[in-house]
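Common to both upcoming complexes is subunit A, partnered first by subunit B, then by subunit C.
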Partner chain A sequence: MNEKKESNRQDQQDDKVQIVLTRRPIDEPFKIFSKHMKKRAKTFIEYQVPSAQDNLKSWITSFRGGIGLMGLILVTFIPLMLNDTVYYHTFIMAMIYSIYAASWDLLSGVSGQVSFGQAAYFGIGGYSCAYFIIYLGFDWFPSIFIGGILAILFGLLVAVPCLRFTGPYLALGTLAFSLLLFNLFHMASLSHIFFGEQGIPVPTLSIFSFKGNIITEFLIVLIIMIICIVVMLAIFNSRLGTIFKAIRDDETSTEAAGINTMRYKLYAFMISAFFAGIAGSFYVLHIGKADYNIYSSLMSFYPIIFTLVGGIALISGSVFGAYFYALTNLFLDELFDFFTQMGFFPEFFNNLPTAFISLIFSIILLILIRFTERGIMEPTIKHSKTLWDLIIGK
Partner chain B sequence: MAFVEFLIYGTVLGFILSLLSMGYSLVYGVGGITNLAHGAFYMLTGYVVFWLSNPDYDINLPYNISIIIGLLFITFFGAFIYYALIKPAEHNEILIMIITFALAVFLEQFVSTIEGLQENMMRAIYLDPWLSGSVEILGITFSYQNIVVVTGAFLVIVLTFLFISKTKTGKSIRAVSQDREAAELMGINVDRTLVVTLMISALLAGVAAVLYVPEVDILPISGWDFLLMSMSVVILGGLGSVTGSILGAFIISFARFFTFYYIDTPLGVAFYGVVHLIVIIIVLLIRPQGLFGKKQRT
Partner chain C sequence: MGVILQVKNLTKRFGGLTAVNDVSFEVERGSLVGLIGPNGAGKTTLFNLISGFENPNSGSIWFEGMNITKFNTSKRVKMGISRTFQIVRPLKTLSLLDNIIVGCMSPRGKKMSEDIGINQLASTILASVGLIDKARIPPIILPHGDLKRLEFARALASNPELLLLDEPFSGLSHEEQMVIVKLIKELHKEGHTIILVGHVLRELMALVPRTLVLHQGKLIADGAPDEVVNKKIVYEAYLGRGES
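And now, the complex of A and B:
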């Protein structure tokens, strides 16, 4: 009897499996800890959670990382090399739009709260930044953050009523808020509060402290864009991002798992509004004016389009879509200029400019939305990878 | 005097909004389609009739013929949009909203471009009223166009009701709106029913345009205003309820003109354009299913 008991206990001990998670670098062994653990367990699995450096290294050496890095280098150095104001303008707008589109993606693609009124936070950020610079005499750098913070407050204001529903009602509620702002800031009779028709004019380049030329602005926006996108990617890959994705995929199960979905949905709105506000501040500083058009439905629509073109629920997709738009716009502009110079088009085509380009772009977008399922960035990357593998002979 | 104007304009817009929102609510109730291009349909019909009939453009058809062609055009355009854009995105409500939004933006740009080709500036276009002149009853001046609008809209609403309740297609529409799968099992061609519903919706928007544009000039961006007004009417009345739409239409229309005429003038003139947006927000806060909302589409 006693022997049996002994052997039973021995069996139980033998069957223990201990899994240890550690943050130590992969080649440094445990000394004290493992000896104690090994006494109590028979099977001992040591799993090293990769550190940040390991993550970065593996990302860079992978194909996607290579493309990403190459894209970053191109985006930084092409305008610097071409050194023409037009290219600086295009790339600055692309960067502003990419922060804006990524903020929408974080809210709608990653967290599933589809918002048709992103322009509300974009515009509030812009107007606040302009207000603080012009009327309160702040410097540009704090004003941008103040724009982001006031946008957060407005994001909460919109989120609290709209989050009572899901799906179309939520989208319509956000759309209603942004158009309400559009009308409020447009009305001449409320100009004493809301600035009316002419908005707030802002001195553009001279506002960035040193020298104040467009290269400075380009570099500043570039750095801020990289920081914002990296932060958003970090959120995407973190536990917070996983909760957002869980809420998007199956809200009931997430609630059942004990997560307070309402709180996290509010977080999603707040973070998204913050980045949209930052983008809005830069937009106003670049355009030189904060006017009511910033709240238009077209402006709400841009991030949706950019993200859909690039690939929804990936932050990088929205960046791709924003650049796609800016570069296509530039390309079409140059194409039309070229053709007009060559005399291919009759005289009255000179008056077309922006409407016609917007028209062509909306056709392109309708076709892209209709025929691509998840945007064009992913298939492009996959096909490039296949091509690359072919080239290097795998 | 303001009271009379308030009544007249309120009634006219009320009928127009009931036409528009009936179409919008039908499409949503039957197919779950949130057609954000509904306002663009309105705007497009107005412009098409203008282009066909106005002597500045070289087509220059008689006014009545251009109206008929315009209405036919928008009806078949609705069918085309269903097969080209909406059907591939079936069951994905958010994607349909995005696609119809894209379509609305495209139509607005398209109309702006063509207008921009003709003249270098954007101007509001106008249509001649059917019958010009006015009549005086009891000292109040009604323009003939007002009477035309009210009568025309009333007729169309009655016709639509009759269509939905009496004809076979109308019954399929009601069946599909109640339970899509059961209707399919009963042998109703749901696809065809959806197309017909969208065509009716487009036709209603077209009729609204033909009736109202002679009264109020339109610009390419007017489509958005009417889209939001239809949306607010439908949300107020309850998605899926036609009676609710009509009642909501008159409430919103009178609220709009009430704000215009009777609230403290600077604020009133300011706010009359946003009344329907505030209504949307209030309804969504207090009673999301609207006044007569019968079902929540899940």
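And now, the complex of A and C:
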């Protein structure tokens, strides 16, 4: 450090000006703090910041923790008890969308880098996974992680140019990348490199698992989803998460505090892309092929919709929103089947195009946005707590 | 002692307006300097230039012998320059403690916390400005005086050599100002270099041994407060709201 100073030192023409090389030790806290440190025993017991274990314990014993754990038990055992392919399919899609939506939330809700092109990483993950399984003969398990890792690389590729901008321009830049991929993977003329219209057909995951059925796929996706969400929650609650939130709140102020915000924004992109890629890999393995529609703008908007419905910048809100979408779709499907069976306007309900359910869901979405400010998960929890307090007699 | 900061012929223009006009001065290590001037004189722009939030049109800035003119903000913070903002910029969704922890996660802050841990260092910094009992509260609901103290504490979290305080007294009651004055005096005694921008002249002039006066981007006076105040040119630039 001293040598560096010597070489950077300006030429001195003025004898009176000297540059002193001695400085205060960099690791010594200010002396004004020392008198507070002397009260250490009192200070630090009083102002003790709770540890991660304490936080976890208090969460588990709280109402929210109870609801969360109960939710986990429900989404695990309800499909197992109902034991029908339709329900397994719905819950598997809900879990894949949960990971995908949470990945978007971590980048856009928590770190403030709004991305309209999340499908890019979702799709790169899916295509990479499919490629490694079909063309390179890898097993499904490593291929999923390779999908995640290649998604990270693409995330960096997107982030480096796009992070020069903020706000709507960043969003448009990310959208541009996903649309670029959409076209590249669609073009017939490039189909010798990018697979074109056919994409990559893949045997579904239920074939890879050792039991060869959808139950095993359900359990595998469930375990991976729990791991992914727990990791994202851990990041959210960690100091890294604090820095992400700081960048979201006021990037200039965070920069002034000495944080290299560009580096942390890149981290946010990389982590988000990884989980989106994992979700994309499972998506491809579930539907049985990787095709260019995975890069569509609708696919980019799904995580945004799910997260906004559930509650932004919470991670758990994205999971809630994804399940809400999948279960609402299932419910509407069952409802229309029921109407058909009951004989209500059978010509109408029997011949509904599948887009009709999307239409209904869009209307539900509009109503939700109109009447809830920050998603439906928080009000749901609050009202449940009120109800619970009423029941237990508070 | 030695010179810690040299500003040479610094000029910054915004379109047709020259906010900082060929300003040059030196600051010795460990000194306490006041920067005053009427509204629009260019004081905050000068701070922005020194701390890296703006790039000058011409001129250079030297810190501890190194030319930092091309360095970006976080690199300058890493070298030891820290600043507060005139209009406070707390991190709204984080608690006060988290606000300080963010600063402690900077490279210098991490080094400072190696022994005692980031949580304890952040608690100590909050305690030293008197905000520890509000550590878990987010800044949204706090009064302006507390936010000003938080701003001060956040600047300290990166363990700066040079502290640039932009209007640390504005909007504070007399008692609150006294708290900040006391902190500045303690830091000065410990050997830190501090440049203060102020409008509350009675406090500032009593506190600082040296004053720089800016008017329409130009440095028009540099010296002890009682000398500077008596200069005609400074009087004519009508020093803020206080009696001169």
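Basically, the second predicted complex is superposed on the first by the 330 of 394 C-alpha atoms of A that agree within 3 Å, B and C clash if a C-alpha of one lies under 4 Å from a C-alpha of the other, contacts with A are read in each partner's own complex, and residues count from 1 in each chain.
Going forward, contacts are C-beta pairs under 8 Å (C-beta built on N, C-alpha and C of every residue); 3 or more make two chains touch, one makes a residue touch a chain.
Computed from a predicted model, the values in this text were never measured in an experiment.
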{"item": "First (subunit B), second (subunit C), both or neither touched by A:252", "value": "second"}
{"item": "Which superposed partner A:239 touches (first subunit B, second subunit C, both, neither)", "value": "second"}
{"item": "Which of subunit B and subunit C A:261 touches, first, second, both or neither", "value": "second"}
{"item": "Doubly contacted residues of subunit A, that is, touched by subunit B and again by subunit C", "value": "none"}
{"item": "Subunit B partner contacts - residues on subunit A that touch it in the complex", "value": "114, 116, 161-162, 164-165, 167-169, 171-173, 176-177, 179-180, 183-184, 187, 189-190, 297-298, 301, 304-305, 308, 348, 351-352, 355-356, 358-359, 362-363, 365-366, 369-370"}
{"item": "Subunit B residues within the subunit A interface of the complex", "value": "34, 84-85, 88, 93-95, 97-99, 101-103, 105-106, 109-110, 112-113, 116-117, 120, 224, 228, 231, 235, 266-267, 269-270, 273-274, 277-278, 280-281, 284-285, 288"}
{"item": "Touch list for subunit A against partner subunit C, complex", "value": "5, 8-10, 17-20, 23-24, 26-33, 36-37, 43-44, 47, 49, 239, 242-243, 245-246, 248-250, 252-261"}
{"item": "Contact footprint of subunit A on subunit C as seen in their complex", "value": "1-3, 6, 26, 29, 51, 53, 62, 64-67, 73-74, 77-78, 82-83, 85, 89-94, 97-98, 101-103, 105-109, 111-112, 114-116, 118-121, 123-125, 127-128, 132, 135, 154, 156-159, 161, 183, 186-187, 190-192"}
